[in-house]
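Okay, got some structures for you below.
Paired with chain B in one complex and with chain C in the other, chain A is shared by the two complexes that follow.
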Partner chain A sequence: MSDTPRSRWSTPVFTIGALLFMSPILWMALSSLKSPQEVTAYPPKLLFTPTAANYAELFGRTDFLHNTFNSFVVAGASTLLGLVIAIPAAFAISWHRMVWPATVSLFARMAPGTLFLLPWFIMFSKLGMAGGYTALILAHAVITMPLALWILLPYLDATPREIVESGQIDGCRSGTILIRLVLPMIYPGIVVATIMSFVFSWNYFLFALALSGFDTKTAIVASFNFIGEGTTNWGALMAAATVIALPPLVLTFTVQRWLVSGLSFGAVKG
Partner chain B sequence: MSTVHVRNVKKSYSDLTVIEDLSFDIHDGEFMVFVGPSGCGKSTLLRMIAGLESFQGGEVAIGERVVNGVPARDRNIAMVFQDYALYPHMTIRDNMSFGLKMRKTPTAEIERRVAAAAEILQIGHLLDRKPRALSGGQRQRVAMGRAIVREPDVFLFDEPLSNLDAKLRVEVRTEIKRLHARLGATMIYVTHDQVEAMTMADRIVVLKGGAVEQIGTPQELYREPRTRFVAGFIGSPGMNFAPARIEGDVATLVTGDRVPVRRLSSGTRAVQGEIGIRPEHVQLADPHGPGVETLVDVVEPLGADTLVAVRLGEAQLMVRLPGEIIPAEGDRLRLSFTPGATMAFDAQGLRI
Partner chain C sequence: MPPRSPGQQAMSARWMILPAVVMTLAMVIFPLGFAIYLSLGGNGTLPALGLGHYSRLMADPAFWSALRVTLVLFAVALVLQLVLGTALALALNRYNVVRGLVRTAILSPFMLPPVVVGMIAIVVLDPGLGAANWILESLGLPHFLWLASPRWSLLVVALIDTWQWTPFVALIVLGGLQALPARVYEAAEIDGAKGWSLFWHVTLPLLGPTLLTAAVLRSVDLLRFFDIIYITTQGGPGNATTTLNIQAYKLGFDFMDVGYASSVMIVLALIVLGSVVFFASLRKKVSW
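So, the complex of A and B:
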């Protein structure tokens, strides 16, 4: 562990950096509290009388609450599905040191979403699944699964092989070894994979736009209703964006203490 | 408790042969040590018996049961790993109970066995701690405890002492030996350290390049090594060698000195080879008796003995002299070899 003294500049530099990164988010949050006149005012006003009108419109006159619920269903289920597939897959890939399945899964993630969209739309339509949760959840699992797989691989590679072998000798089958011995050791990796999968699914626009129905529209798709052909309801759009940004932020802040690694210390010589 | 039989096993990774056609038997209750330099296949062999490594030919049997293709979990063996391989998220008690729980042993029986093993290894006060709170020596004891509670047919040890410091190594070594005496179980132990092999083993398998060099008791390997490799590997320091022309029972060294040798076979034809003599079988020569002239190179006083590296012509010999004799570098020493202790090896390294 290096213990270099921090430069006296580091705190101001980090503060300025953080403000730069946060400025669009601040802008978004502030705009969501402005009246229609103030939101488009130029030069922009920093001092204004905040109003809840945009939020009232969002939750009162549109189905945004239901759309948010849809987003939770889709992001939650696709995260779960992605992890359920990715965890055993990553375990097998890491144990057998077989790289190609991981690479194949990455291709699915690298290919542009539009490539899948048309065949899926036709496929799900013929199956009568278009517009339902299932189609959307399956589609989003294509985003979450490779992501979770690649996040978990380094954690699994760092797990001592002897632990797995010891489990074999202790009488376990592979599934038991994975659940009882390996999962507790890669817990931080699973937390990271969960957050990333959830956030990516939550924010993914394209599949939801094409595959969701009226009842299953996600928040991110619904927010685009405020962008009209001639006019855009900036205040309501910013309010929607603020609501959409909240769950990932809350999720990340609440679980970040779990991210502390080092659980495997003491397994083999420390 | 069980016998172990290895018959004609072969293992290779694509083109590389790691084990070629190995056969031997391990008796019930025997402490067998596999020893050899790194890459000799000793760990691979142990892992084949454990069921952690596949092999291409031959068979492995535990007791009368051939276990080829039987997964490790169904072999009723227990293994102590070099890096302990304790489960970091479980307490010591859970670590020791885990294998029994997996085999659906009744809780009362698990508790009894864990308590008994903890008593033997004196780790009772550690049972509720996690592995990371333990020292290296304590972790290794827990790893042994985990094996003991299983009451397996065979105990397997894969270089269990390599991560311990020198003092602790001697302690744990004694403990494993005591454990073997107490349990009377069949144990197979892998090490690269010939001192561990000599001190612990009932019998030793010396491996080199995936093949057996010699199998025997520590005394047999020390007294009657069949190859130059075994002679040089066993003993501390190992046997000295000097090129010689061997004819009947007499070897003529490069220096012209003539030394009597104890032959295994009664060959009469002259052979170009080497003589071998252990450091402890060399002493200062009687002024009137036979002897060879040597030049002192390095002196290492150890207290009880003095190790002296001397030059005999081109060859270098390590000699163990009594502690009170401390020659100086550059001294000339006239040395003689204990009668009957000088061995002869041919050019291929086989004892003749």
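So, the complex of A and C:
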């Protein structure tokens, strides 16, 4: 794209546009640093002395630290579970060129989450798992597993068959071939799948809203409960929002190159 | 993996898909069947199995209202996101600025949890103290009720989602634009096509398959709209933003009307499926 016209004004115009576009996110971060009086001041204050009071209240007076820990447990474990199931499945699908798994996972992706919630709720209650980590992790793996599968498939399809065949000649079994020969080749795909799975699981609201118990409440569900508490404390609310927004934003930027090129390419292909 | 050469099919990795199959059966297929069973009156939600929940649905004004809200939100947001996303992609492609701050601005919104977007909306769009009304006031415009407006709240929800997802559509369209064959453009230039007519007669038809992909991805999410509404308006004011998904959730978890809620969810699942089938049928028409 070296022949694209780039006039003198295009960079500043797009930069200002980008800042305006992100202003709600910046507003969130700024509001979280205002004192309780300033955060609800009208007209809103742009200049103020930053304070960590909202964060102190959030972590000191509520269970938000524990809720954040729960979010890490659920997102981390469901990412791991999703990968452990998706990696061998993607290998088998790619090697044997299976078509039906794609169709099945597409249908699962289309169904509204609420559709599964009531049956899950009844299932987990009968099994005595309601409100526990296991139920939440299994529910979130329904998001992470197909996502990891879809991200990994192109990487596996691009792996030369000779690699696998050389392993066969050496008498390796399929499990060994996958772990010793194929995994090192698709390492970048696994990194992307891990990060995207974690972000999607971290961001997911509905399942935890219905399935989490008092002790397993995730940060997102807990912050929703702040809103309901009569006079909403905007400062603490924005501090909670900032804390929740941070992991996905930070992780996203570690794979932004892939997101910009790979995601659009994958979507066009799909 | 490239085509397999004959005589080297010894290895079977089919068993490796088993955990995924078990997981899908236990967490997706069985619950799906169970939801259908519930919607037909199973588990004691009706005295006998039958279409009782569905006939109640057909006579329920709340269902028709939620259906209308779902479809209006879907149509408005989808059109806005496709049009604005395409415009943004054209600008990004022309000026080649996808780096630094611009790239950050494109990626940030749709990587944020929708719940966080809803929380920001609560603060920014507050009718009394929000920054949005302060901006209107500074421009000499009257205050607006935003999410509290019975008439406009649905449009405001559509605009919030448009803010979050237009960059995603733009990225997909950008990928499509960069994959377009340069030869077509050279030929079009020789024919004297440029500007608007080049876009309308050459670029847009070529982008058909890409736009369709974007439309499918956004439709599936838009028809199941939940998070931002649940966080901000809870379906109100009145029923102004009660989508089918919100209604189904409230029926199931607030009113414990499990069988009836399942029938709403099954209808919603069928609508999503119908939209995907519809877009898939268009694929042949727009392919080149």
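Annotations for the structure displayed:
In the analysis below, the second predicted complex is superposed on the first by the 224 of 270 C-alpha atoms of A that agree within 3 Å, B and C clash if a C-alpha of one lies under 4 Å from a C-alpha of the other, contacts with A are read in each partner's own complex, and residues count from 1 in each chain.
Everything below uses one rule, namely that contacts are C-beta pairs under 8 Å (C-beta built on N, C-alpha and C of every residue); 3 or more make two chains touch, one makes a residue touch a chain.
Since the structure is predicted, the reported quantities are computational estimates derived from the model, not experimental observations.
By the document's definition of touching, neither partner reaches A:Val73: not chain B, not chain C. Once the two complexes are overlaid on the shared chain, A:Ala29 sits clear of chain B and of chain C alike. After overlaying the two complexes on the shared chain, residue contacts for A:Pro184 are found with chain B alone; chain C is out of touch. When the two structures are aligned on the shared chain, A:Gln168 is found in touch with chain B and with chain C. In the superposed pair of complexes, A:Met129 makes contact with neither chain B nor chain C.
In the superposed pair of complexes, A:Ile227 makes contact with chain C only, with no contact to chain B. By the document's definition of touching, of the two partners only chain B reaches A:Thr176; chain C does not.
Touched residues of chain A were counted for both chain B and chain C, and C has more of them. In the overlay built on the shared chain, the residue A:Pro44 is in contact with chain C alone; chain B does not reach it. Of the two partner chains, chain C is the only one touched by A:Ala86; chain B is not.
Of the residues of chain A, those at positions 160, 165, 168, 263-265, 267-268, 270 touch chain B in one of the two structures and chain C in the other.
The touching residues of chain A, counted against chain B in their complex, run 160, 162-163, 165-166, 168-173, 176, 180-181, 184-185, 263-270. Chain B makes touch with chain A in their complex at residues 50-52, 71-75, 77-79, 81-89, 98-99, 102-103, 130-134, 136, 139, 146, 150, 163.
Those residues of chain C that touch chain A in the shared complex are 1-5, 8, 10-17, 19-20, 23-24, 27-28, 30-32, 34-35, 38, 43, 91, 93-98, 100-109, 111-117, 119-124, 128-129, 131, 134, 137, 163, 171-172, 174-176, 178-179, 209-210, 213-214, 217, 220, 224, 226-227, 230-231, 245, 248-249, 252-253, 258, 261-262, 265-266, 268-269, 272-273, 276. The touching residues of chain A, counted against chain C in their complex, run 1, 4-7, 10-11, 14-15, 17-19, 21-22, 24-25, 27-28, 31, 40-44, 84-86, 88-89, 91-96, 98, 101, 104-105, 107-120, 122-123, 138-139, 141-142, 145, 149, 156-161, 164-165, 168, 174-175, 177-178, 199, 202-206, 209-210, 220, 223-224, 227, 232, 234, 237-238, 240-241, 244-245, 248-249, 252-253, 256, 259-261, 263-265, 267-268, 270.
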